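Chain nomenclature is as follows: A, B and C, assigned in order of appearance, with residue numbering initiated at 1 for each chain independently.
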């Protein structure tokens, strides 16, 4: 059997006394596109953010390509890896955020170049060429020297995706990337993601777009109260939910 | 404990005891300067603000120049200028009055800007509503605009008082026997500069920290319930 | 009152005043350079340092804000030699003004740090930047743009505070003005010109800061 790309074992996280992830287990193969759905507060975004250590977690293990993320076991117990090591591991994944989080003082091209230059230690010219290439791929070649404040929400999100992809990550994480967009701008962003999926990019998407999850994902994970409530093929799950919770969730969501 | 240190401490305590009246008098003068400066400065400053907000164009321009000059000039220069100029033109004010006047002028430019900001922050609808129910401008100002502005001003006003306490030290330069000058006189007798500057700093800190606390209290109290 | 304005004595000594102004500017620049480093370090401690460091930074700011700067200047100049520290009066003054302005700059910078959106920092983390790279490439440039207006007024205050060096006989503008005042008796003229020099310099500083603000403005 192929080694999985991502392996999550017994992931648990508390915010103070509140347990938000109560033991999540899941594996993901190379090239899979998995949508994570669930109501707000179900822990889906938190789980995603644990994978690149934007959230600390207290128990369990996340293995990316066999490498333990964020923590290492010591005879004396579990220890957080050094800031430098965590930074290196974060660069193995790419992330796109709900609020885009572009660097406002940098042009679109500079946004893409920053990680290439500072993390990948690429020369500026090479980084610029690559940045232009990726901006072209998301349809923004003409906007390379525009600043985030000069771009629409949909364009900003596409720059943000280019910024993440340009780092050549093993896995892309999308955190509700269309939730902050005006409805007419959602399509252009989803189109970019679909294109990436078609090229075999491994992706984890937290999303509210049920139609999109249905069309693009090879598998869907339904999160409910800090655990995985149900998972499977969307063609199967969305039509015949096995649990009452999912049936209810699908009824209240916009699918069909 | 180091016996030398205890010795020094006893010596310091003894010197404080010898200088107690000088220190207390200096403290009294410091507080008088500050109180007079903030009072006169506030009256003047409210006038400045009223002129800036409601005055005719010419008056506004004149006051604007006054405020800009005062704000662009170091307080020490105001103090020295006031001290030397008044005696030159034959108005013998004496260092205390000349100094207080300079601080009041300095204070007025601060207060003027604060009050102006507060008055201009009141939505114009307030004055219109008051006019609509038939209030005169005087009535509108005293019962609608001023109470709203005052809430905004009070915390900053208290902090301005602390600024005045700090600025009062500048009067030592023109020979007003406030706390800092008294301290310098004491040091010239006993040469304990480290100890006595420390003591002066401690006293100023206490006064200002107290005022700062008062400012925070006033801020809580004046917050409009919502 | 019979006083007629006569500026000739002041013009004859104008070089002295200009020399004083130049020294004032140098004092301010030196104090700003050191004070900005102190302020920045303290601001980072205040905005997210470990608790003991945050407390110490907070104590420093509270202490300095409640002390008259003249007391600090005299303390450094007259009391430090008692501890065996020997520095000349210009060094002593610059050091004091730097420590003093550091506390005010710390508050300015802290407000600036808090104004940088958290998402920017997270995006930096997500592409693999180290915390130090995030500080230098993202937080500092954004924070600096946000604080420029309040930095401008702190800078002007700092420049005006250089007048206090006159109290320890540093020959800056106020000291020279007082000297000319005593020697020439053209009292009103001296202080008018001195005040005008200060006001004009403040106006120039403010204009320069506004120009910098425009230059660094992010295109929208």
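What we mean here is this: a contact is a pair of C-beta atoms (placed from the backbone, for glycine too) under 8 Å apart; a residue touches a chain by one contact, two chains touch by 3 or more.
Here the structure is a predicted model, which is why all the values come from computation and not from measurement.
Common neighbours of chain A and chain B, listed by label, are C. Nearest to the overall CA centre, using the mean of each chain's CA atoms, is chain C. With centres computed as the average of Cα coordinates, no chain lies farther from chain C than A.
Between A-C and B-C, more contacting C-beta pairs join the chains of B-C.
Distance between chain centres (mean CA atoms), chain A to chain B: 57 Å.
The distance from the centre of chain A to the centre of chain C, with each centre set as the mean of the Cα atoms, comes to 46 Å. With centres taken as mean Cα positions, chain C sits 21 Å from chain B. The residues of chain C lying in touch with chain B in their complex are 1, 3, 62-63, 65-72, 74-75, 78-80, 82-83, 156, 160-164, 166-167, 174, 177-178, 181, 185, 187-188, 191, 194-195, 198-200, 202-203. Residue ranges on chain C touching chain A, taken from their complex, read 117, 119-120, 122-131, 133, 137-138, 141-142, 145, 218-220.
In the complex of the two chains, the chain A residues touching chain C come out as 52-54, 83-84, 87-88, 90-91, 93-95, 97, 99-105, 114-115, 118-119, 146-147, 149-150, 160, 163-164, 167. Touching chain C in their complex are the following residues of chain B: 68-69, 71-77, 80-81, 84-85, 88-90, 162, 165-170, 172-173, 180, 184, 187, 193-194, 197-198, 200-201, 204-205, 208-209, 212.
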